[in-house]
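To start, the structure itself, in structure tokens.
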Amino acid sequence: MTQLRITTRLDYHFPQPSDCLLQVEVAHGPGQRIVSESLSTTPVDDFRRVPAESGLGTRAWFGAEGSWQATYEAEVEVTRPGVDLAALPATPSRLLPGDATSYLMPSRYCQSDVFLPFMASEFADHRGGALAEAIRAWVHESMSYVSGTSDATTTAADSFMARQGVCRDYAHVVIAMARAGGIPARMASVYAPDVDPPDLHAVAELWLDGLWRLVDATGMADPSEMAVIGVGRDAAEISFMTVMGAAELRSQEVEVVRA
Amino acid sequence: MTQLRITTRLDYHFPQPSDCLLQVEVAHGPGQRIVSESLSTTPVDDFRRVPAESGLGTRAWFGAEGSWQATYEAEVEVTRPGVDLAALPATPSRLLPGDATSYLMPSRYCQSDVFLPFMASEFADHRGGALAEAIRAWVHESMSYVSGTSDATTTAADSFMARQGVCRDYAHVVIAMARAGGIPARMASVYAPDVDPPDLHAVAELWLDGLWRLVDATGMADPSEMAVIGVGRDAAEISFMTVMGAAELRSQEVEVVRA
Amino acid sequence: MTQLRITTRLDYHFPQPSDCLLQVEVAHGPGQRIVSESLSTTPVDDFRRVPAESGLGTRAWFGAEGSWQATYEAEVEVTRPGVDLAALPATPSRLLPGDATSYLMPSRYCQSDVFLPFMASEFADHRGGALAEAIRAWVHESMSYVSGTSDATTTAADSFMARQGVCRDYAHVVIAMARAGGIPARMASVYAPDVDPPDLHAVAELWLDGLWRLVDATGMADPSEMAVIGVGRDAAEISFMTVMGAAELRSQEVEVVRA
Amino acid sequence: MTQLRITTRLDYHFPQPSDCLLQVEVAHGPGQRIVSESLSTTPVDDFRRVPAESGLGTRAWFGAEGSWQATYEAEVEVTRPGVDLAALPATPSRLLPGDATSYLMPSRYCQSDVFLPFMASEFADHRGGALAEAIRAWVHESMSYVSGTSDATTTAADSFMARQGVCRDYAHVVIAMARAGGIPARMASVYAPDVDPPDLHAVAELWLDGLWRLVDATGMADPSEMAVIGVGRDAAEISFMTVMGAAELRSQEVEVVRA
């Protein structure tokens, strides 16, 4: 069991009235328990929480203008057990539940259809957890963690060619490969200690042996120390802030420490 | 009220044992009532229905090998009222429910983020239903319906440049533009009479004034005569058949007549 | 020495008056001697030959309308010696002549910049002819020759992901990799016997040890039996026919036999 | 007649021995006369000038390691007359010379094939100079000059969607549209006063009425005040520095003043 103390501070400026979608609060979900939490923001219009993707966690809509700050603080107990990924058995696709089935399909940044030939040629002999572990190892070894080489348009295929990127890009390649290999895969935004520089972190989550399993090919964080905020098909669906209109991000600070 | 009689016949050959995901059955949902229906197929392994995207309709998983045929027959009453799209008021994004919020994000074929500058320059003055109608009209007038010019890799941005395509491509451009304009948008696979050549049809569905509204920019079909099978972010999520492995489609026949 | 007898027959229909650029005539160039040749076409306007890329061979401009046929017949002696690619020494980039330098840059279908990371990770230890041979072998072994899986928009990066294609796609991947590895590379359209189905053939040409060397990663044809028509950066520059306007290709027949 | 005084200073660090291709010297060519010039650099290996694209200007190869600086100074008389672009007559494609023909084809960043439908729908009634002027005006009005929004992978199609970019991107869109409209088009790197911030500038060059015509859709510079360094199909072929290996650009200063 790990206890995490999380502090997130955001400072934005919205030149015009803008509707915003914020997703920074830890989700109530398997393997993690929220001991305490609080979110405080500059007064806004119509602050409303709506369920996030797959019903895990929430997003908050609100309207804001001008200077806007928010502070989120939480204490979370992570009880997610360690798992030997490689030992998990494969599930035939036809036995997948509906929610896992959704995460087999290609998405904005994870065009898994494009990875089918590579998977067939490199990993034809692997299935289930052994395949998941082979993918994680391939991405970990083939890619280099380099900031500033990818942006909001970079896809898994781009990152596969570039062989470099940040956590978002590592996760995209893992997800695209997993789906192409028949394993449902999604992306999770998480808080974790030791992320360097300290920031929100993004990892893959693969459906294996009946449960979703967090996989971090960067090697920066361990699932037993991750507090999940939300999940989605890829980076397009787990953004911590989406602004309908112009916005200036003045500062964003994330601190995650073991309690 | 329109009564539709639908017959779909599929004939496949699977050289190896393959897991398949079939989505051809009409959904129980708003604006349509299934009077009678039957699905019969060559015997398969583990035939299991799972909920489809947004809980609308079902997909069916099964395992098959060798020659496989299916026949789906249904009689459906469509009671969906006609709607004056242009008259529908706009909803501020911050008041969107969670399910609609999901359909604001870019997806595999509808990279709405890429359309933001075009929408800002062409449709800055339009909102809500007036924007939806302007998008429908723009796509209807700017694109030509030409078979064989797009394939499974063609995105909304490709179709926007090519200015041609089939129903799938029309719907993708409408969806990408709508999302870029702040309107939640998804894709629906439907049965409709008068589709030429007769086939499964794909249209856009936009969330306006609290409800999802079917929009067919090809002009081939009318929402008051569509029986919806399922919905998804784009063509990646409403495929009538997804095969995990090799497959040969020998024939596919769709007949939709007014009863 | 191989003697080739070449016959090409084209049959087009131009619904409107169109300007056309034809490139089917064998080039006067190193390693091949034109013994006899003739080109006859339906009467056209302003038939004019202009030098083709790198001054090798010619393209012919003309204006045509309605039905148009052409027959090209040639007898060519190919005296191009066989070469042990792997044995050719590397040339430092800084000693490259101007024409070879041009063929180091990325082009429409051969975005060599995208291949730099792959080349650095897979072939860092190879240089010169050994690198060229390693690239040829990799492409030959990794790709499958499958018609109908690529089209006029397919790039080297697409083919690298898809691991399949036709001669055009094989050549594109070889060229993109060679340039990324520091070897000037271009595409040649050639006539060769045993191409199946009989057609114009496209191969890579790499600048090694002071000369251009034809490389066919499909294994279909041997440089000692190729009659080169023209060269260019990629398929965009060696098209056998470019029509400024609408055109219908009714038939295209190519016959190449050893005399 | 304008007299320009040009000073370019480059400061690089090459961590390993690297072969470099430098193109900063003004070309001897139509409309400009080099009154005086000098290039001085840190001592290098094998400094060799080779002809640049289309035989206009030169590129210089050399080998370097560690710290490297260069200073280029030139005084150039520009005698290029002003031209009323819109008044230039159209040339039928079939009468184009070979060199102009080469610049009709799609290239790395200017995939003109993708622009054919847009050109047909927006500019079907324009030809020759009137078309060139319509393209220039469309790009000037539709795009916004914003630094930092494009990078080395951004194509003309990307910029067309994004409707923003820098001089490179403006030129790419003009070139892609011109080729799609049947006008040969290439890119020129130039020195010009008033470029803000001061830097090397990139513009389009269109072949109209028998000559190449410089076109700057950014409106920053006038052809009568441009000193051309070199030309190429697009940014891939006019780079001022190409390094075969790792390089760190420490500083780059360009000053262009009217004498």
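Should a chain be cited, it is by its letter among A, B, C and D, assigned in written order, with residues numbered from 1 in that chain.
Heads up, the rule we're going with is that a contact is a pair of C-beta atoms (placed from the backbone, for glycine too) under 8 Å apart; a residue touches a chain by one contact, two chains touch by 3 or more.
Keep in mind that this is a model prediction, so the values were computed, not measured.
Trainee: Could you tell me which chains make contact with chain A and chain D both?
Mentor: B, C
Trainee: Same or different: at the chain A/chain B interface, is the fraction of residue numbers used by both copies above or below half?
Mentor: Same: when the shared numbers are divided by all numbers used, the fraction is over half.
Trainee: Averaged over CA atoms, how far is the centre of chain A from the centre of chain B? Could you give it in whole Å?
Mentor: 28
Trainee: What's the distance between the Cα centroids of chain B and chain D, rounded to whole Å?
Mentor: Distance between chain centres: 45 Å.
Trainee: Can you pull out the residues of chain D that are in contact with at least two other chains?
Mentor: Expected reply: 114.
Trainee: Show me the residue ranges of chain A that touch chain C in the complex, using the header's touch definition.
Mentor: Within the complex, chain A touches chain C at residues 114-115, 117-118, 121, 142, 157, 160-164.
Trainee: Using the touch definition from the top, list the residues of chain D that touch chain C in their complex.
Mentor: Counting only chain D, the residues touching chain C are 19-21, 45-46, 48, 50-53, 59, 61-63, 92-99, 101-102, 104-108, 111, 113-114, 152-153, 182, 232-233, 236-237, 242, 244.
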